[in-house]
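Listed below are the structures to be examined.
Next come two complexes built around subunit A: one with subunit B, the other with subunit C.
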Partner chain A sequence: MAVDTRATGSTVNGQSQRPAMPSTVEELRSWGKGDSSLPAIDVKNLKVYYDSEAGTVKAVDDVSFTLQQGERLALVGESGCGKTTLGMALMKLTKPPGYIDGGEILLDGRDLVPLNDEEMRLARLAEIALVTQSAMNALNPVMRIEDQIFDGLIDHGIKDSKGNLRNHVYDLLQRVGLRESVGRMYPHELSGGMKQRVAIATGTSMNPKVIVADEPTSALDVVVQRQVMMTLSRVQRDTGAAVILIGHDMGLVAQFADRIGVMYAGKLVDIGTVEQIIEDPKHPYTKLLINSVPDLEEKRERLTGIPGIPPPLVDLPSGCVFAPRCPSVEDPCRVLAPANTDVGDNRHVMCHLFDLYVTMAGSEVG
Partner chain B sequence: MANLLELENVTKIFGGGFFNRSNVTVAVDDVTFSISSDRPSITAVAGESGSGKTTLARLLLGVIKPTFGSVTYDGQDVSKMSGNERRNFRREVQPIFQDPFEVYNPFYKADHLLHVAVEKFGLAGSRDEREHLIREALETVGLRPDEMLGRYPHQLSGGQRQRMMVARALLLKPRIILADEPVSMVDASLRATILESIRTLNRDLGISVVYVTHDLTTAYQICDDILVMYKGSVVEQGSVERVIREPKHPYTRLLVESIPQMRADSGWEEGVEEVLSIDESGETTGCKFADRCPQVMDRCHAEHPTAYQIDADRVASCYLYDELPTANRAPVAR
Partner chain C sequence: MTVDYLARRIGMFVAVVFVATSLNFFMPRFTGQDPIATRLELLAAEGVTTRAEDYAALIETYNAKFGLDKPLVIQYLNYLSSAVRFDFGESITKYPTRVGELINQAMPWSIGLLVTSTLLAFVVGTLGGAVLAWQHGPKAAFELILPPFFLLAAVPYYLLGLILIWLLAFQAKILPLGGGYAPTTLPDWSDLGFLWEVFKHSLLPALSIVLASIGFWALGMRSMMITMQGEDYMLQAEAKGLTKTRAFLRYAVRNAVLPQTTALALTLPHVVSGAILVERIFGYPGVGRVLYEAITGFDYFVIQGVVYIIVLAIAFAMLVIDVIYPLLDPRISYSSS
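Let's turn to the complex of A and B:
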């Protein structure tokens, strides 16, 4: 373990003030209550790049956002906009040739970026947990459900009697609306919705401060989807964890989240509360995204999508990345990239319609 | 009123066989509906996975034969067609599949698919004519031919590929297009574009469309009529406006309530999840939804309900409406 001491100074500092990892089920119950004065997660200028033959792919480019304790944030955008890459980077599960090029991920005040593999392994599950898209593939087919949940606990230093562990697992299963007997079952005996709920139970088994849920219901039918989302909702309220929900279904996201972040070509272009985003979309891309979602309110004469396709991430347009598809594009947009602008009420928009450049030029400001 | 495509009491049973009566799956159970030739329509076949909607689509295409009942096209039984009739049927009823990635051969250019269609059905006399037909079809679905022709499948986006499939169907001048989940694998922003191009075919070219989907929102937006399926049976069918706005069958209600609406002011109610999560049981002689139904009665377990005529435009198979007259004919395709 001598290698571990090579950790950077800040980590050592951060580490020394941290409460000890729980070692029994009893200690686990009081674990995970973070310092309420700090945001649950504070991402600053995070960059995730991939090196390819064609050049550097900027999959996540200079993304910043803050998530308060117990808050639910949804990240939306078209496929390939970098939302999953961002989610994986928060878990520090970026796979080569991808790498974190810079920025900070402050989880309860501690930066995850400089952590070494062992420190990060301990932080996963205990402090930040992942619920993936395909729970079916995340489960080991030849292990009973309870044994799979034990595994995570034991690997994170929980040393307790089998009885205590088992009771803990039953509590977890009950919390996600599953019977105790599910613990003795194998994955193939469960339906898709049940597996996804097992994934939620596993993800919250150590009371993490942050849960990253990457499209947890995309393979499920509407009725089951609603069931799983309500389970996640209840578990979130019970544990007080903050949730980052990655999804593309605006309807689903509106039902679940407190705030929505809209991503486009690796950038977070619009972030605000659900009301702000849906009732008063500011960024032209957000507007188009919302208009492209059909609803049951009224039958539309025409269904309109977003014209064009997202730009290749190796060859981003200079200026604003959305300029080539933007209906309100103007000359400066093609040259100068817009800054992340606070338009009030903790709402951030990355568009020249709202930033200083246009304000000075005397144009309309939102 | 003539019916272009008609299903009469169609049942499809998979598995089983002479020695194994127990292990059978009734994928489609006594379904009757028709598409009129008088007026081009868009009909949705909606249901969750396992509801039998794709089996129904395959029956309509004549890919599989019904165990009981009949599928007729233009008055002819689809399973008893002669070579020429079948050929004609295969041109006039065109499928569009779910996955816009699997239908293309990665070694051929994407437009190979269009060339093959023109050649096999002898649609063009010359090279120029073929080129013209292909360009025209691409333009109809909103693609620019110069950007599409000569490209390989991997160079096109999912939405472009799927619209190219619509163009291929269109080339053959079909009377019916059967689209099986055509937008479930593309991004939400592209869905609208593809559905709009399908709607154009219906409005401008008079092609009837059967839209198989699990997504009631898009069905509501583009369709005239809808069949809601549950475990192989049609539980409710009629005008999309009535069925989705005022669902009568408890299952349809559950489905409509479960659609996540993009509104800031409404959250899902808590507490109903337990009602939703009752374990599925196996065979039943009664209503298939009885185990999950919040309004279940004793007789629901005993016998399968027939279809009751709720109003002029709609029928529902549920004992809640047994004081209403039974429907003798499905109302779809007025």
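Let's turn to the complex of A and C:
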């Protein structure tokens, strides 16, 4: 049977003992609020590939980033650039033909990649939670809302009275701006915005360190979108969880996030604070993205209007993946892939304009 | 509201029964076949000869006896009133046995055989189909066991029945060839020996039904489960860190079983008509055989009786589904039409 990691804690890679999992609602309140010296999540050289008939799709290719406790990171990029693939891989929910080809996902210091199924199951929800793109259908149609939240708690070893569990669910619902009575309702009785709030309440029901929110508002209309984003923002402040928000809409995510990561063709090409990215876009792709949003205050602008199309991820150009569309492309770009370069202030860019190669070759920088 | 809903469903039930029962009256009459003539032909075939002048008189007597000389409207009204009273008069071919008696005798045999085998096939097939579609389950075992059943599902069960008879009764002589019990025993339901006899006789027909229909239920369940696994709530169940068992039972199976239940509810009422072919092949004394003999003998009254019972059972099953379904699926509410 399953290894019980609750009592002993995991000692994967000989690391120190982990705090015991909570077993009551009371213990849940202090759960996840521990030692904050470690990053909430530290992703190193993560590779997620799909095997397809045309070849290997490198949907997430050598992605690294670090997220501190309570930090909010927005991941943006054109459709198909690998955002969802990355988010799912962080939860280790990658499904065949996809697989994690390598890398580390250090969650609060523990690498998730080598965990077995049971250890990973316990980590989900309790340490890292998912709020999906399609919360519309993310609820079991034949179960009451509260029962669906109880399920997760019970399967993580919370053995408390029905009354305490119910009060906990009511607190969660209230925090996302829903009435207590929603707990007794069925999914079909809720509006889209309400379901999305339920998804947020469920995701935070065990105070996880990290919440992955994959386009949590894309199915909603604009007004509701803003409300749900504000709810997510408030819940994030309350729980102190680090959030990875995946979205298309630079305007909307810029209001929410502390940092922005820009993905292109499976690579994280630019990552920095919101100010850095918006006021001083470095990567040529980021520049185009920022320019394509005419007015950042006008929130509904989609990422459109960049000439050319993203390359097929099976057949990537040998040099820089952005070379075919890049206005600043130079000959070396077509031959040699740029490396992830720290340009200072914890800002990382993946472009020859900023890495050693071009600097050494004497080309202009900037 | 619930009362309103119930009233509407019951209204529906009455309407369905009325229309189907009326069709049941008119359809055999529009075939242009004469039941009395058929009866006399049968008698003739048995060697009972009639002189030509007596023949006309005989037909008249018979027609009067069975009310077939009256205008169609009167016959229809008589028929309706007898339907309400569950009294279908006497059988033409087995005169003077009453239709009700024929059906009553046959019904327990059909229900016993078919309810048991249908439920058994449903449970085994549904579970098997569910496990087969579940990527975490003990798949290997089921992958070996179930595919033959998918094959069997494509074989008509009467054919399967014939093969089973040949194998188990004719060649291996393990089981009796047919009938409900050995012709030498006297039916006595309090006698254990007789019960054992009945059980042995029901094994082959039951087996042919179960074997042929497990695949049907398993295929249905498997495809529903595969659909369910693509649903977002299954992904969410996994993201919530649920145990596989809970995600399997309370999320996947719980949803996939809904259409299966509907299919079962619509299959069960046919039990009252018996599995005509199976009963025929195995010489099983059920309703299927009664109906078969009534059709070949063109016995209006027996056909009407049996079909009426079938109609009632189906309409009743639909009523039950309608009343129960909202309890199984909260999306279907009592208030919606």
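Following the convention adopted for this analysis, the second predicted complex is superposed on the first by the 339 of 366 C-alpha atoms of A that agree within 3 Å, B and C clash if a C-alpha of one lies under 4 Å from a C-alpha of the other, contacts with A are read in each partner's own complex, and residues count from 1 in each chain.
FYI, a residue touches a chain if its C-beta (ideal position, glycine included) is under 8 Å from a C-beta of that chain, and two chains touch if they have at least 3 such contacts.
For clarity, every value in this text was computed on a predicted model and none was experimentally measured.
After the match on subunit A, would you call subunit B and subunit C a fit or a clash?
Fit.
Going by the contact rule set out at the top, does A:Ala242 touch subunit B (first), subunit C (second), both, or neither?
A:Ala242 contacts neither subunit B nor subunit C.
Quick check on the superposed pair: does A:Val198 touch subunit B, subunit C, both, or neither? Answer first, second, both or neither.
neither
Once the two complexes are aligned on chain A, which partner has more residues of subunit A within touching range, subunit B or subunit C?
Of subunit B and subunit C, B contacts more residues of subunit A.
Could you tell me if A:Leu139 is touching subunit B, subunit C, both of them or neither one (first, second, both, neither)?
second
Can A:Leu130 be said to touch subunit B (first), subunit C (second), both, or neither?
second
Which partner chains sit in contact with A:Tyr186 here, subunit B, subunit C, both or neither? Use first/second/both/neither.
In the superposed model, A:Tyr186 contacts subunit C only, not subunit B.
After the superposition on A, what does A:Glu279 contact: first (subunit B), second (subunit C), both or neither?
After superposition on chain A, A:Glu279 lies in contact with subunit B alone.
Does the superposition put A:Ile158 against subunit B (first), subunit C (second), both, or neither?
It touches nothing on subunit B or subunit C.
Closest Cα approach between subunit B and subunit C after superposing, in Å?
Shortest inter-chain C-alpha distance (subunit B to subunit C): 13 Å.
How about subunit B: which of its residues touch subunit A in the complex?
48-49, 157, 159, 187-196, 199, 214, 216-218, 220-222, 241, 244-245, 254-264, 266-268, 270, 272-274, 276-277, 280
What residues of subunit A sit close enough to touch subunit C in their complex?
Result: residues 91, 93, 121-126, 129-130, 132, 134-143, 151-152, 155-156, 186, 188, 199, 202 of subunit A touch subunit C.
List the residues on subunit C that touch subunit A in their complex, please.
So the residues of subunit C in touch with subunit A come to 231-233, 235-243, 246, 250-251, 254-255, 258, 328-331.
Tell me, which parts of subunit A touch subunit B in their complex?
78-79, 177, 191, 193, 221-227, 229-231, 233-234, 248-255, 274-275, 278-279, 288-290, 292-296, 299-300, 302-306, 309
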